[in-house]
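Everything on this sheet refers to the single structure shown next.
Per-chain numbering from 1; labels A, B, C and D assigned in written order.
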Amino acid sequence: MPRSETRKIINDPVYGFITLDHPLLLQIIAHPYYQRLRRIHQMAFASMVYPGAVHTRLLHSLGAYHLMCNALNELKGKSVEITAEEELSVKIAILLHDIGHGPFSHALEYRLVKEVGHESISLLIMQKLNKEFGGLLEIAIRIFTNKYPKQFLHQLVSGQLDVDRMDYLTRDSFFTGVSEGVIGYDRIIKMLTVHHGQLMVEEKAIYSIEKFLVSRRLMYWQVYLHKTVLSAEKMLVRIIERARELIAKGADLHSGSGPFDFFLKHPPGRDEIEKHLDKFCLLDDYDLTSAIKNWVFHPDPVLSNLCRFVTCRQLLKVRMQATPFAEGLVKEYKDRVAEQLGLGDHETNYFVFTGEAMNTTYNPSDERIQILFRDGHVKDISEVDNALIHQTLAAPVKNFYICYMR
Amino acid sequence: MPRSETRKIINDPVYGFITLDHPLLLQIIAHPYYQRLRRIHQMAFASMVYPGAVHTRLLHSLGAYHLMCNALNELKGKSVEITAEEELSVKIAILLHDIGHGPFSHALEYRLVKEVGHESISLLIMQKLNKEFGGLLEIAIRIFTNKYPKQFLHQLVSGQLDVDRMDYLTRDSFFTGVSEGVIGYDRIIKMLTVHHGQLMVEEKAIYSIEKFLVSRRLMYWQVYLHKTVLSAEKMLVRIIERARELIAKGADLHSGSGPFDFFLKHPPGRDEIEKHLDKFCLLDDYDLTSAIKNWVFHPDPVLSNLCRFVTCRQLLKVRMQATPFAEGLVKEYKDRVAEQLGLGDHETNYFVFTGEAMNTTYNPSDERIQILFRDGHVKDISEVDNALIHQTLAAPVKNFYICYMR
Amino acid sequence: MPRSETRKIINDPVYGFITLDHPLLLQIIAHPYYQRLRRIHQMAFASMVYPGAVHTRLLHSLGAYHLMCNALNELKGKSVEITAEEELSVKIAILLHDIGHGPFSHALEYRLVKEVGHESISLLIMQKLNKEFGGLLEIAIRIFTNKYPKQFLHQLVSGQLDVDRMDYLTRDSFFTGVSEGVIGYDRIIKMLTVHHGQLMVEEKAIYSIEKFLVSRRLMYWQVYLHKTVLSAEKMLVRIIERARELIAKGADLHSGSGPFDFFLKHPPGRDEIEKHLDKFCLLDDYDLTSAIKNWVFHPDPVLSNLCRFVTCRQLLKVRMQATPFAEGLVKEYKDRVAEQLGLGDHETNYFVFTGEAMNTTYNPSDERIQILFRDGHVKDISEVDNALIHQTLAAPVKNFYICYMR
Amino acid sequence: MPRSETRKIINDPVYGFITLDHPLLLQIIAHPYYQRLRRIHQMAFASMVYPGAVHTRLLHSLGAYHLMCNALNELKGKSVEITAEEELSVKIAILLHDIGHGPFSHALEYRLVKEVGHESISLLIMQKLNKEFGGLLEIAIRIFTNKYPKQFLHQLVSGQLDVDRMDYLTRDSFFTGVSEGVIGYDRIIKMLTVHHGQLMVEEKAIYSIEKFLVSRRLMYWQVYLHKTVLSAEKMLVRIIERARELIAKGADLHSGSGPFDFFLKHPPGRDEIEKHLDKFCLLDDYDLTSAIKNWVFHPDPVLSNLCRFVTCRQLLKVRMQATPFAEGLVKEYKDRVAEQLGLGDHETNYFVFTGEAMNTTYNPSDERIQILFRDGHVKDISEVDNALIHQTLAAPVKNFYICYMR
């Protein structure tokens, strides 16, 4: 990242070069809050299955920013009015849209901080930065929270065809090596348009949008909800639960990281998170992974075994099916683990458990990707002639899983 | 990584699919020693400049293994005799060639363990695994140590055109996004041949080899020895030195990681490393990064500042030039830092220091990439007609650098 | 294409290197019949819209051959029994599967030769080559005509998941630059299997197959049936019709190519084609393109205008819609062209005409892509749980088009 | 190429999308002179060895135009003053820089038209178009002929680091599949700058420039001067020579193309070319290839054999070496061919001949790629410290070849 005062060019394996060309953008990415994203993997434990998928939230944010620049250029080329201030603000909004993610992103959302999702934390951090930067993030915040009149700006940051999704699908398929997840982001961006203040795509993009939704469907089932990835992420949750259980019992448990110890013992809720925001911004994947490595040697057999399994990638086995698993089977697995590890009934719940994984291909009632036809009329992608994306794909597909020891 | 008993296919963003098709190979990659490589970045702090370059030693090992499979297929197709046992063994040797790397790889080599390089540690670990696997790694070890009669097998693992270099140049240029580092690995592999027991390349590969050496030259100066990368890596070394200095003074210093504490306090030498091999195999990038994050809050201003600078990417500035830096300049920088941070003269050495970065484009006297001509004669790449790679490139290029605070 | 006696390596921009490793394969591709495919574009007039799409049938055949090699290796790795003779034969069958294509491939099928499609001509040419090569193509011909007991070999050449389709979708999307047409051919091939003698795919490939069908759908509407491509191809047909009309009227019309003159005057039918096979094998895109260039200067205004329009890419305009065009509109366009070019009513039919373009996303009743589940049962891709590919996509989508002068 | 009045987006497999956004640019590419470039292969007979390399001069021109747009944006971003009129003009200049190429480009330069190279013909055509477009190409012509004050604009079109070279190296390596020819065009463009009115590159681009020159060196010897390509191109020249010899002897020889017949019989020289410019613009690869196909059946054994060999890719064999071939060897080959084909001594010269192929890696005295250092001083790439590109590479490498029949 060669540095000059007002311009920085960053190499990106996906898009080639990313250019940051405003001092405020450079100050934002230099901020410790932003630099923290270097230490949070974009895809949590997906690298257990796809070892190339170790890219970071920092790179994803930069990538989404890059697509935003492209999208803005296209829209301006189509005479959509966007002021310099709006342009800078929407770029800031996308750079910071994921700033509130904690360690292991979605896998631990609502676990270290209660009740509050990463988007709310992003907003809190943006507000804090806004103070630091003397109010320069005001409009970015209004765009982020959809309180800015030009709604399409918000939709570019967070909507059905936002640059966030376009980047993560593109980037995740790139780094996993799942080439089939590739979407035609450049074509979709070329086809973006604004109609009655709303972001839409031109008629010619119909097949690209279909492809985009099918790629997303594929990535969900083949990558994000892959059985092994699911197993590792659920084990991580169990590790935290066990640690808290031990703490509650008065055990002497240290993770090796002060901030993580704090969030283990006192997970803040909605009212407290703002107070502990600085501490939250010290947390990243490294605190948790190091803790797990340390706890391999903890005397508690539940905690140490779970931690050892994750560290050595000896993950719980997973089966998935369309119907719930029979209680008998669950019991059978529990009995087996009780015997193997010499555990009591309660403890076996850490090694045998069931749950649901769910995904929807496209739900027209809340997604609404709108196609603008040449004659000016607008249709949802699910309503065009001979639609591939149809009503029966609107229902979420629910799969039941069971994790158990071999 | 879908699992079956004898065959595993792994997605790789660089090569597409990597196939492991022998139970012993699967057992080796499942071993905790091997899984540790998931937590060691291939390129240490290169991601400070090239944020995509966060790939791991595990993926590099698998990639080198993949190229080995291709190379073996080519050579067998050219009637070079290779038995099934040799094939398996040379694949094992390449899978394990980097198993002895510690945290931050080359950046910390000889720092946590004294006098012993990563290759020696790789050998120790291979010997240990050999015992565990009942002697099945015997030939792999002989190949690795160049004690096996068919020398070309060793040369494939570790030589001027080994699959290790081909993978790391290919992979590092892929993940950094420095597309110019790309080499024609597939073409070079197609042109490999064995002549009098030695690995050579056919005449038609001359331009590909030139390209390979020029790419390596480019990657060194543009990536591996990039000023910012250098700065971060030298700061890491300073952090460890300061920590040891504080320990020597009797300070109460904990890294948060037991194994790292051990290696900080008692860096083993040649005679002791074998005894502490198990402990060494618990160390990875996470121990060090977490320690650095913890020490941001340490009372010692030298340690905490260095750690904060690395964590927030506020790195020391670097200048490079062909001649040593004047002592006056060094003093000037030190005076400035003494004032800024309120430090004594000795302490300023942690923030202002000089050194040398060196690289050789091609040294015919010890590299010897041999070209086999159609008529059977052999020439070094630097001796072919109209050679691009010539004598004057044999001398190492030495650059002097100075690190200092802005 | 470096030549040796038994092995040839060919650079391919899509797959890297293609290896031919049997003398018979080398003899076949060196044959003038095969070399003719250098002069037939894979995608006829698609380059009018996608200027990169000028790749040849020769390269497509080599590409399909390459995928066949990969597929055979996978199947053999899964213990499907395939003899060396069968392997060579199925490779020959795929190399020659398109040998019967004439100039502009599908665009002129049934136009220069009546009643006989390109596959029948491929068979005739294979039989002829079989005689030349002393019967060595016997099994290849039986596989090609599905008369060989191991049906899966035929299905690899010509079936729902044959390597022909995989290559042309991959290659056409590569050369057009329509990146969204990309399919996961390598993954599909890794998932191929044989069950009860039939080619199937493993359960894990479901999403890849969906993606394959959606890519095909996209390529049809976005590329193969693109309005401008359609216009150029229909104009080509009109040119030939006009030339024949002029000949029938006794005009002195020469194309500049003897073989093309012959097929213009005497298009052979089913009974005659074998007799004129040698002449057919002299025809390629160059004869027709040169003829069109020559006829730009022909005194007949219909012929010369059509030829000029194609040569200068001033193509007839096209509109497409889901319902037939009103006769009034057609008449209006014809009147306009009659006036502009000073033509009689009959002649205007060459510049204004309607037709239908049709494509089916997936028709389970005749396509039948079969998924083999782990428990051994088999389902069509349209019948799996939560199928994306469903009954309503089985009906062909029919679009009506009108071509007219601006 | 979806059409609208002022904006056209073209898919390019190399760069993704190319945007033309000015009516004049659209009018120029729609002109028959420009459309002719669809029918001229960029790489003449390179596809004999690299079957993917069938891309056209039209696509190369569009590609160079695309890089020009990027370069202009970079320079404007660095505050280099470029007016809208200059921008449009330099884009026109690059779009038309190759408009004067005839059939088979360089392979037949100075053969169909005497004494006049393709650049002079490009200029004549630009002047003609300038009249058609009412003088709108005035500045483009001044830039093209280096008569415009801002020299760097000319240097972008035609200089050591012009976008023409960057595109053809990038594109030719893409379509041949010779991945090693890839250059970092995007990085070089990002490093372009203007100093004292001259185009230069920033210091940081040194390694990229080295790589660029080494890639060019590789492409020359591995592709452009490949023995088989050379053979085909020299045979083409012989075919034209023989045809002229036969005409001179009064033979009745027709190519099937009126314009080609004309240029065969009356190759215009410097004084006549302007008069025949319209006829020249009717010529393309199709005229020649069709002629060659026709002449396979010509009664003259020299002409028919040469034409058959080219059509069926049974090319003359080539040997290359650093010294001239002995006369005895030439005689031996000629005697053999005289016997094989029953030819007289003079005729054997068409099947056995020698010549020289030459290329220079970098000649500092006439190339002068200038590096601008941070401190403002300027050095030629061959003069920087530890230069890879050095004096001994300035001398052209000359190889002697002999073509002969097997």
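Just so we're on the same page, a residue touches a chain if its C-beta (ideal position, glycine included) is under 8 Å from a C-beta of that chain, and two chains touch if they have at least 3 such contacts.
In this text the structure is predicted, and so the values were computed from the model without any measurement.
Q: What's the chain with its C-alpha centre farthest out from subunit C?
A: B
Q: Counting C-beta pairs in contact, does A-C beat A-D or the other way around?
A: A-C
Q: I'd like to verify one number: the distance from the centre of subunit A to the centre of subunit C, where each centre is the average of its C-alpha atoms, in whole angstrom.
A: 43
Q: How many angstrom lie between the centres of subunit C and subunit D, each centre taken as the mean Cα position?
A: Result: the chain centres lie 31 Å from each other.
Q: Provide the C-alpha centroid distance between subunit A and subunit D, rounded to the nearest whole angstrom.
A: The mean C-alpha positions of subunit A and subunit D differ by 49 Å.
Q: Would you mind listing the residues of subunit D that make contact with two or more other chains?
A: Those would be 16-17, 178-179, 186-187.
Q: Could you pull out which subunit D residues touch subunit C in their complex?
A: Against subunit C, the touching part of subunit D is residues 1, 10-14, 16-17, 30, 32, 35, 38-39, 47-52, 54-56, 58-59, 62, 174-179, 228, 256-258, 282, 286-287, 289-290, 293-294, 297, 311-314.
Q: So in the complex, which bits of subunit B are touching subunit C?
A: Touching subunit C from subunit B are residues 2, 7, 9, 16-17, 21, 77, 186-187, 190, 204.
Q: Which positions of subunit D touch subunit B when the two form their complex?
A: 178-180, 182-184, 186-187, 207-208, 210-211, 214-215, 217-218, 221-222, 322, 361, 385-386, 388, 390, 392-393, 397
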